[in-house]
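Before anything else, here's the structure in question.
Chains: A, B and C, in written order; residue numbering restarts at 1 for each.
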């Protein structure tokens, strides 16, 4: 972490719009966890589980819920949402990566490209005909932006991002390295002998405030666009196939894959390594746990899982053999239940007879 | 979708080699689904499930099976394989990405490279010694092609593709951005203290008409080549390890991974997120459903699956606890069956005695 | 494989520090498997299962355990670890990719970069302010190295690798194409309406002798660094999230994903397609089988698995229905056991009464 950003606690209280309890002239130069903080650092308590760490914390100040403020030996920035306040503080301490405003002479920008003011175009960037780059965008080294693609104001592409043609991205996007947006959706018609390519004639349409992690891929649509709505956050190595719609503010964790034409609701959380098959509809506020396979539509909000859980391999092998016998076991169980019931009825009849016979 | 490509229905019937029922002079400028089509568009009915949408379809013409032609209020292009005809039509409407024939001055091409006629070499492309680029190839911005690698005629590499040395690709290949072909296979010999690298001395050999999706990786062989046969279609973020052989016309969906030395047959369909472990042999025409783990060879054509299916997490947790008890349950079930059988035999003997005693 | 590297068996015995049984002047020009070897090749027997192939092997020499030496019709290089000796031999036969010592004129290197002697900087490489490149490093075409990042001596980045700022890599690293190291960890605080980005202020710290496969991503830490220790080998398309620690000499196979803040021990083997959720602690020498989900910490060395194993889909569907009934089945089984036990006790009492009554 770079050490050159310094704030007084008074400045921080103003910038973060929180109450300061302590000396406003104390200076902090970075963030640290409760355990690793030294004087000069700002820390935070977001999980009450760690409240016992407050007593020994060496930080000059701590972002803390009013409930725990008294347990804090240092100055406090009082917030009812300490994790959100920490997030905002972290942005204040982000190390400056030197801006290189302007267009680097090694960049190849087509004369028809429309460029907003204050853009930063890095080394070896290539921007093709008809593209539009919004005000204040930062395009890292080696990026390629295809024909007619549009990037909203304040967006950042890190190095080596590829946007194909007709990709629209909104404002304040953050797109990490090796991301590919707008490659062909995977569509073929089998003619009995070979796969005939279906040209992918749609584009990709991405809203504002979207972040896309390193190595993720979002394919262009077959006829209509693939759509990523406002505020969606996508982690690394996620695959989003053609004509998916990802609802606003949904979170997609690393290595998940959404197959073609699936529509995911708003405010969902798709765990890491999840697979969602094609042509499904997932409701708003659905959570899918890590590495689940979603093979049917989910019409109601809730938490969903699949898988067997982890076992020691020896134990796992014993149980997995039985998994293959499960249908057989179920039938045998039903058979025993029938026998047991018949027997009970028989016994009852015998008893009734004996009672009568007495 | 770009709107500048226009055909008359007469021209389309000729180009697609199908019968036209309707006015040959009507002009269409693009493709659309039955539901979203407006006048001026060509649509198609490939799934009979949607036949009811024909009545209200606003398209100027529809590609349709003769069986459903009469349900169509517009002109018809009659095809017994409407999806294949749609695929061919989609290629006619592909938006022109401006060609830049020739070698861009920013490209670095080694003087020993052999280049066919009509090639398009984009900005900042690097081609190393001894490479061969076939007639009409298009190499996107920022691609790297290593020493002695060969690209057959009519092949396309989109921006930022990396081919290592000694990678051979056939004709009409389509390779999407961020693909890496020919990186080292993952081979190490453990000497008891650390992993000793096994240099990967083989190459990669890819047939004709192969498509490889964005972010996929195909490793070079340890001694012999990794082989991808003709007509194979590989989706995004697929990993193919060293010395695999993928049989002709096999389809590998997104995010699947094939481990080392596995041989997959022809005309297989590997679903999304599938894992296949190493050194297996999979027959022709095998289908693997999404996110299955293939842990043994498959000697016969068929459909194969693994996994537990998705449940609401509460319900899933109840069942997953039982999965760990499955072997125990199976033994207890067997025990009850034995008891029940003994009881039945005992009862029968008692009955026999009683009968005899009467 | 290039054919221009030739050694006599005498030279090889010296270079590999093993005993030669045979003519030291015989020349070999490459490696091959027992089955495919022709005269002029060196082969090896590492798996005793293939000992029967020795008799017909056409190789000029074979690396072999002393136990099997007599079965070998050709010359022998005697090694008690033939696979390790093969690994070392493979490095001797690695085809020379022509070195281009020096800095290619198309590279953009910031004047403040500190460069060791004998470095090779490829076409279009971009190195930002304050970076340090160790002696003898080779940086492939199109790589980007961010501010203050450091690369130890003898390290290789293949084409199109991206290192963000403040990434430290040790000596003799091998980093394959499309790898991204130091992208932002996936951290957001939800304010009830939208996700607020947590700036990722840590870096990435990677030890010596680490190899990272094509398309893998290693995120920077939130506050402290993400750590990869010495000798770790990472396959293709692996995702390592912020603040993970991967212990020395651990192997991570292709397409695996380790979520944030998880600490993995030394000498572990993480199979292909494995997912490990966040904030876990995995002991040393743990093996996880392919496509398992690790959802709890593992305090002891051992082999662990999850999943159901592969079945033909028809059979799988029958069993998967029962998986959803498993908790119900377990309860019904318990009920039958209770009934059976009650019945047995009842029968015993009846029998006792009858015995008494006699």
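The rule is simple: a contact is a pair of C-beta atoms (placed from the backbone, for glycine too) under 8 Å apart; a residue touches a chain by one contact, two chains touch by 3 or more.
Computed from a predicted structure; not experimentally measured.
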Angle of rotation relating subunit B to subunit C [CA atoms, steps of 5 degrees]: 120
Copy pair subunit A, subunit C: interface residue numbering same or different (half cut): different
Separation of mean Cα positions, subunit C and subunit A [Å, integer]: 25
Shared-contact residues (touching 2 or more other chains) in subunit A: 106, 124, 142, 160, 178, 215, 237, 255, 307-309, 311, 323, 325-326, 329, 333, 336, 340, 343
Contacting residues of subunit B [partner subunit C, same complex]: 106, 108, 124, 126, 128-129, 142, 144, 146-147, 160, 162, 164-166, 178-180, 183-184, 186-191, 193-203, 215, 217, 219, 222-224, 237, 239, 241, 255, 257, 259, 275, 277, 289, 292-296, 302-309, 311, 315, 318-319, 321-323, 325-326, 329, 332-333, 336, 339-340, 343
Interface residues, subunit A side, partner subunit C - complex: 1-2, 30-33, 36, 46, 81, 83-84, 86-88, 90-91, 93-95, 97-98, 104, 106, 122-124, 140-142, 158-160, 174, 176-178, 209, 211, 213-215, 231, 233, 235-237, 249, 251, 253-255, 272-273, 290-291, 307-314, 316-317, 320, 323-327, 329-330, 333, 336-337, 340, 343-344
